[in-house]
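You will see two complexes here that share subunit A, one where it goes with subunit B and one where it goes with subunit C.
Now for the complex of A and B:
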């Protein structure tokens, strides 16, 4: 153990503060003092495992833990789909938006042939708020009708996962797998946060120790982890393909994680995870977090969705998107096997991924094309908010990450097409 | 951002991960730092203000760290905050059920010569596990105020706020001396923080 050298700053400050002599102990001497202090002040009680300890043990052991994890995941997903999809969106929002809001706007907005009708109300013949694709129709439907209930319930379940103490146990359970892709168990924390929103997830990669781990995690986040808003819209517009899209993302996560962990120099040390005791989530904290996150969504996401539709519609009117679609046609049609119109949603995807998927659902496609294009939109580029936080964590990493991203999109997009051809669906 | 007025003191909250710093911070400042039950929730700092008596404290919630030799980027944030604010008061937060590792960090911080105060948090969890912490004795030995708290219920938060102004620079030599049972060195300084003077 080394004797730490006194640093200039704190020492001189200490002298200023009160003339005390700052002295630095060796680590061993410090532990000796800790032991002496604890011996004089702490008396340990009799230990008997509580219910929380027993449950805690069961959720960490692979034999019982993996089934528990799968059950938790399934419960999570069921609550998510039934509350956000079936109850709120289909049972409530669709009726309001398609039954009242859209027909009302279509009847009062003047001149269906004008540019402003196209931008704000959208397609005059549309009979649902998704296809209309105007700022005031699809913009509000996507953000409030579909995505808001989805993120609300997602954040509620995620908060309970966070506050109960299950996350560190999941980290222990996932450690073996994550080590194969250059990460360790604790990487599950940013991965799960990323399912809510990639922005806090990027910052959460700070809990990983090495640059290598952080780079791999950040890149995989940007590539393969769809956010809550995106999950919500996927469930609303392509419920029958969500499973297969997920499978593609999961395989991509494992495959490219494996490749990256071998290509990128650096270490992937073992970790000691501090597993806290289970406790009941505190109502106030859950409510507080839910409110903060929802508020952030309302403040940041909705303007972006509205602005995104405005921009996409303007680009359509200006002929930019059709021109881009023609330009990219060879790549899209030949290499990825998706319609050239996918170029439009790719632009929207830079602003908001949920918007891009809403837009994709309006392009006539085969089931294979839909899956492939949704996967492409998910992985091709981080949304602008994620891009900005990644930049804050280091521009070199961001540039490298983008280079990896583009390569992966190209390779994986082609692979999915190839598999599609082999299976005879593409 | 050091204190610019005479009455503004910067307080850094330092402690191991998942000991309840953010919960305590929210209690003291009314802010909304994210609180979760896993180590590493806080990866960046959050600032809040506490007005106690007629003093203003700018309290900074810092990512948790096991030692002052950072292992990851979040811990680096914590160590950097300490380095860049040498004139700040440090509130060291300990988990009452895991006192030892918290004390290790506390000693490391004390060696920097910054004024310190200790919050022994999660005292409720310690009671449940029938662990008792003699905070009065700990206070006497360390020579800095030691306050038992339960951030979740708010227990002890009031006195923690009141005692902030009594934060003292701890002298590791003196602690060592008191542990060996030496009487406090006569003369020299009139007051060894809160050690044994029974409050004023």
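Now for the complex of A and C:
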């Protein structure tokens, strides 16, 4: 195949003159444009496909591509749990924080009955950093001991998938399903990015073409996609129930996506994707992306975690959270089937959802209540950083998103409780 | 969504040679074993047995993620190997199907190995040390192994088949 310089002609002139309007060409018109450009610039020659080419082709066909997607997601999760859970958090961080950091703070901080001890060290009887819930104990353990390894390995695997050329193939493969919920295949990019952090994921919704698509994706992200920090803390708090929580979120994603795509007016056009050949990621690019993403995440995460614990502890000391728990008791206990004390973690969830899940571990609950509470915290209001990014996308969209969000939390939370009652577990 | 990739529908087939038949048999056999192990992973997880152990092989079936989901991936790998077995040494398309099957087995084996490695590096929770001793580290790789790890060495021989499919 040889390429030669394009000559000025009607097609290139249309592209130049069209400018931004070229974005609104139908997909058929775009294909015609591509064909016309290719006819003018490409001289066909003989080409022998390689094994990698045919393997690449197989990974976008449903019959062979779906097993590969299942294996890729399996690898993604398995690497995540082995590295972040087994090696870093359980292997080293728990030992550092529970064996050295917490006992040292408890021994040097004066007056365990004081308000400052409660805020900074937390419960004086706690024997682990997760349950102590002080700014310097749970705050550092959650952000450095749990979230940092989780985010690091998430972004590494994500970058490798992206740079190897697999992500565009996954987009092609997921297109049929995502069209049923008003999106197209490339919505898989913000969805996977959201599993790391919802902040870049909301920004990534800009790759979607219409307002309808962006609104649906932003709302579904805020509702049903747990971030890497949440995943890490879920593994630490409810390792045996993470699968059930994911199932609830996946069903909600499909169900409410389908409903939103029917209710919201607007178009859901086709897009063109150029699928690159598979290639080995360049390690310098991988390292640079990993560094940029992790740095941005930590800059945003650590202050919010520490501030979140400080605020929640102050609200507890001021009696605000117990009062809110009493006020919201009918909703929490009767409608959602969870203890009224869940009000505290839900307030913390506005700052950091990982922090809220860590806080749930301190409340006595049945296994059903724990799973239902974790699902509620996940689908409840987006964390404040995501909120700010959503606001940047437009205040009308944000308000509409919040209205949908509150409705969905109420309906879906009640539905899960109803299913729990029918199954005899609630 | 339409995707634009190079046309790769060319198939190069030729007369089936004796080594080609042996390769096909080998891939078919490997596919059958992989399929059987995948089904066993799922059945044991579903409660058909309390676990299985034979020689260096063990299936505990105690975790949905590893045994049910991982089992489905193994089943798919076995089916793809079986589907690509015929003419794998002479047809690029058939070789590619077998290659995808092998890649699925490698994914499971690779993640199983990583899980062993990550569990072997830190010292036990009861120990005051952070890093495991050398003996403790090496003991982490002792048998029994998962089915994917047992099959893994036998899949390496297929690299030769894939190379021959490319060069013919």
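Methods note: the second predicted complex is superposed on the first by the 379 of 426 C-alpha atoms of A that agree within 3 Å, B and C clash if a C-alpha of one lies under 4 Å from a C-alpha of the other, contacts with A are read in each partner's own complex, and residues count from 1 in each chain.
Here is the rule we use: a contact is a pair of C-beta atoms (placed from the backbone, for glycine too) under 8 Å apart; a residue touches a chain by one contact, two chains touch by 3 or more.
Worth saying up front: this structure is predicted, and the values here are computed from it rather than measured.
A.B. asks: Regarding the shared-chain residue A:82, is it in contact with subunit B (first), subunit C (second), both, or neither?
C.D. replies: Touch status of A:82: second partner only.
A.B. asks: Touching A:107, do we find subunit B (first), subunit C (second), both, or neither?
C.D. replies: Touch status of A:107: no partner.
A.B. asks: Please work out whether A:274 is in contact with subunit B alone, subunit C alone, both, or neither, and reply first, second, both or neither.
C.D. replies: both
A.B. asks: Going by the contact rule set out at the top, does A:34 touch subunit B (first), subunit C (second), both, or neither?
C.D. replies: both
A.B. asks: Identify the partner contact of A:60: answer first if only subunit B is touched, second if only subunit C is, both if each is, neither if none is.
C.D. replies: Second partner only, subunit C.
A.B. asks: Touch test for A:243: subunit B only (first), subunit C only (second), both, or neither?
C.D. replies: The answer is second: A:243 touches subunit C but not subunit B.
A.B. asks: Identify the partner contact of A:92: answer first if only subunit B is touched, second if only subunit C is, both if each is, neither if none is.
C.D. replies: The second partner, subunit C, only.
A.B. asks: Per the contact definition in the header, classify A:44: touching subunit B only (first), subunit C only (second), both, or neither.
C.D. replies: In the superposition, A:44 touches subunit B alone.
A.B. asks: Report for A:74: first if it touches subunit B alone, second if subunit C alone, otherwise both or neither.
C.D. replies: Touch partner of A:74: subunit C, not subunit B.
A.B. asks: Following superposition on chain A, which residues of subunit A contact subunit B and also contact subunit C?
C.D. replies: The answer is residues 31, 34, 47, 168, 186, 273-274, 277 of subunit A.
A.B. asks: For the complex, which residues does subunit A have touching subunit C?
C.D. replies: Residue list for subunit A touching subunit C: 27, 31, 34, 47-51, 53-60, 64, 67-68, 70-72, 74-75, 77-79, 81-83, 86-87, 90-92, 94-95, 99, 168, 171-172, 175, 184-186, 243, 270-275, 277.
A.B. asks: Within their complex, state which residues of subunit B touch subunit A.
C.D. replies: 16-18, 23, 32, 34-41, 43-44, 63, 71-74, 77, 82-83, 86-87, 99-100, 103-104, 107-108, 111-115, 125, 129-135, 137-138, 141-142, 152, 169-173, 175-176, 179
A.B. asks: Name, in rising order, each residue of subunit C that touches subunit A in their complex.
C.D. replies: 1-8, 10, 64-66, 69-70, 72-73, 76-77, 80, 92-93, 95-97, 99-100, 103-104, 107-108, 110-111, 114-115, 117-119, 121-122, 125, 128, 130, 162, 165-166
A.B. asks: Sort out for me which residues of subunit A touch subunit B in the complex.
C.D. replies: 7, 9-18, 20-25, 30-31, 33-38, 40-47, 159, 162-165, 167-168, 186, 189, 203-209, 214, 273-274, 276-279, 281-282, 285, 288-289, 292
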